[in-house]
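The two complexes that follow have chain A in common; it is paired with chain B in the first and with chain C in the second.
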Partner chain A sequence: MSDGSRQLVLFQVGARVFAAVAADVRRIAGSLVEREEEAVAETALGRPWDARRGLVVGAPEGERTVLVDGVLGLRAVPDSEFQSLPRFASDILPTAALAGFAILDEVPTLVVDLPTLVREGEPGRGAGPREETRHHA
Partner chain B sequence: MPLSIIDRAMAMREERGSGAPDPAPRVPAAGVAEPDAWYFAVRVAGGRYAFAAHLVTEVVRLGPLTRLPSAPPFLLGVFTHRGEILPVLDLGELLLRRASPTRPGARAAVVHADPWRVAVLSDEIEGLIRVPRRRIGPAPAAQGAAEFLQAVIADDMGDIAVLEMPRVVSVARTRSVPA
Partner chain C sequence: MPERNGSTRGRARTRRSRDGEAAAIAAVLRAHAEGDYKPRIDVKKLRDPVLAGLARDVNRAAEKADERGGEIAARMEAVRVGLDEAIDAMVRLVVEGDLSGTLRLAVSDATLTPLIAGVGQVMETLKRFVREIREAALQLSSSSAEVLAAATQNENSTSQQATAVHETTATMEELKGASHQIAENAQMVASIAEQTLSATRQGEGAIRAFMESMEKVRRNAVEVDEAIVKLSRRVERIGTVVEVIDEIADRSDLLALNAALEGAKAGEAGRGFSIVAAEMRRLAENVMESTREIKNLIGEIRESTHAAKEASDGNKRMAAEGERLGGAAMASVTGILTGAQGTSDAARLIHLATQQQRSATEQVVQSMAEIEEVTRQAQAGSRQATGAAAELARLAERLAAMVQRFKVE
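Coming up: the complex of A and B.
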């Protein structure tokens, strides 16, 4: 984040386009993950069709790779173009990984909190209801 | 004709043999004229529903929806309206598990019950209605379908279920958690 804008990585899972804060992504990899346990395929975003790319994210135990269908590129988005998830949606969605929206070409694009997405995707830590105390983006 | 939410609540109460009194009309004290109440009514899945009028800020036409992953069926997605992102609630799906058709340009009532602000999709907007207090009764004392109800209005066209937004959200949250 700098000069009033944030750098986003745009990626695709299935037919949907999502965004994530670029600083959360250590690198972009192919889907070939050295250790299978590092891969995170099934998430609150759905399951990728082809899983041709991976977003490598830092995790307490090392690195995890969120499998996606494609990486569309980077984009700097002014802070003014970000909006938090509406309270009604955040209260109802069974995941805390949807941080809000970035308005890209007048289209609200979901901004995903990748560390939270990875945490929720870990075995035994399925997506659950949001905590009441969660701060909104 | 499917059972409305009020029909269901009444039927459940009769099945349970509840001794709860019928929603009796409120009678103002002699000489005291209670002002009429205002509600905003919509039609959804063959039923009539209303929110307190002051909660409905405007009626909008839905723009292109952005679907939300992992969302329950009654949360149709979000759209932008004058720069604001509004979630869209399918009341028919939530209340009766009957999805409303989301045709382009469908109308929705924007309900603002702090902290929630949501566009409620409807089949038809009735709009503001003025209701004499004596026509407003308490919600049937039943579980299930009546859990959203704040009151019931009886007017010349039938019953209207008055919805309470915190209860709607509370039940929606419960139903959104995967089993």
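Coming up: the complex of A and C.
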């Protein structure tokens, strides 16, 4: 961002709140996904309870929709508030879709790399962490 | 003249002599007139021949009268003796009571013949009387004994009757008291039966009112049920509307999110757009918050209407149960009412009967008192009759004893 901040989309899967870079989200879908094959329900973030919203992400084959329980809104977060995950955390986490975390309202919130998350959720792909797909602050 | 004087003197002496002789004759006649025929006139002393003849006649009449008086005196003496004998004989007969013989007199003067015949008739009459009196005395004695026995028996019977009447009167007095008590009790029973009947009628009215109330409750429950159904339908419709509103709000939220996303992607140029989108989203969230509250309220209303429906169904069931119980109670009360009516009628009849019984008992007691009084009088009369019969028996015995003294055979 030119002004030293990033726009984050805050969403909720289950009881937990996550954040994603707004530029990774093409649009926000409703609960009724037009093409069911595009939906990604089971991810490393967990399975949404009622999947009332979907975050539409661009993919090589077109678009994929990550199903979430709700979109809480957008927030402009200064770059200074972004932190990378500690090394040991990256090593033990089963996904490479967690790019880091941001301090929002004094609460650390995980920032998700949606394209990576979508790829990990594609059939035939493993769920283990991969260094090359990790986003760093 | 001397001759003439001598003659006169002679005539005077003669006349004086005749007067004296006549006076003597008159004195004898006065004695004869007084019943003394003894004096006689001395005829030799009389010089007047007429007076002498008269004196001789007087003397002869005196002799005759004296002779006749002797005869009469003798006859009178004989009659007196006969009378004395007759009287003595009758006195003896009466005193000794022997009427079996006939009267025999030593004097056979014809003058006494009627007397003797009369005495004989008297004796015969006495004999007949004595025989009749003896028979009558025997019969009287027998009859008086029977009367005495009958009077004694009657007295005993009267005494027993008086005792029985007294006991009966005492019993009737007790019966009178008992009848009075029974009448009072019967009246109390009749009053209680009437109160029971009245209370049962009130109970019947109360049950009828209760059944009417149950019917109203049931109708009200049905109306409430219908109202709940209508309310449920309207709530469901409100829920549908709220769902639509919620859907619209959700879509608005979605649109606002996308708008905000696009605004964020546009950078500084999209800031105003993002602000509007954020405001839209806030409104949409408010709407969704409101719809959530409405949904919650609808949920509460659904629960309440469900509870009200269950309560209404319970009311209907309870009203139906109440009507059923009321019907059963009404049937029971109807039976009780019939019984109470019968009891009241019977108690009234019993009360009437006991009153009549009491009245009859009082009349019987009064009659028994009168009977007791009459019986007492009869008992007293019976005692008097017994006493009179005893006295009569004694008199009959005495009469028989007295008559027994007379011998008529």
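We take it that the second predicted complex is superposed on the first by the 129 of 137 C-alpha atoms of A that agree within 3 Å, B and C clash if a C-alpha of one lies under 4 Å from a C-alpha of the other, contacts with A are read in each partner's own complex, and residues count from 1 in each chain.
The rule we apply is simple: contacts are C-beta pairs under 8 Å (C-beta built on N, C-alpha and C of every residue); 3 or more make two chains touch, one makes a residue touch a chain.
Keep in mind that what you see is a predicted model, and the values were worked out from it rather than measured.
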When chain B and chain C are modelled together on chain A, clash or fit: fit
Which of chain B and chain C A:V71 touches, first, second, both or neither: second
Which superposed partner A:A22 touches (first chain B, second chain C, both, neither): second
Which superposed partner A:R53 touches (first chain B, second chain C, both, neither): second
Partner chain in contact with A:Q7 - chain B first, chain C second, else both or neither: second
Winner by number of chain A residues touched, once chain B and chain C are compared: B
Once both complexes are placed on the shared chain, angle at chain A toward chain B and chain C, C-alpha, multiple of 10 degrees: 90
First (chain B), second (chain C), both or neither touched by A:G30: second
Three-chain overlay, closest Cα atoms of chain B and chain C, distance in Å: 25
Chain A partner contacts - residues on chain C that touch it in the complex: 250-251, 254, 257-258, 260-261, 264-265, 267-268, 274, 278, 281
In the complex, chain A residues that touch chain C: 1-3, 7, 9, 22-23, 25, 27-31, 52-53, 71, 73-74, 76
In the complex with chain B, residue positions of chain A that touch it: 13, 16, 44-46, 83, 86-89, 91-95, 98, 101, 103, 106-110, 126-129
Chain A contact footprint on chain B (complex, rising order): 64, 66-72, 75, 78-80, 84-87, 89, 115-118, 169, 172-173, 176-178
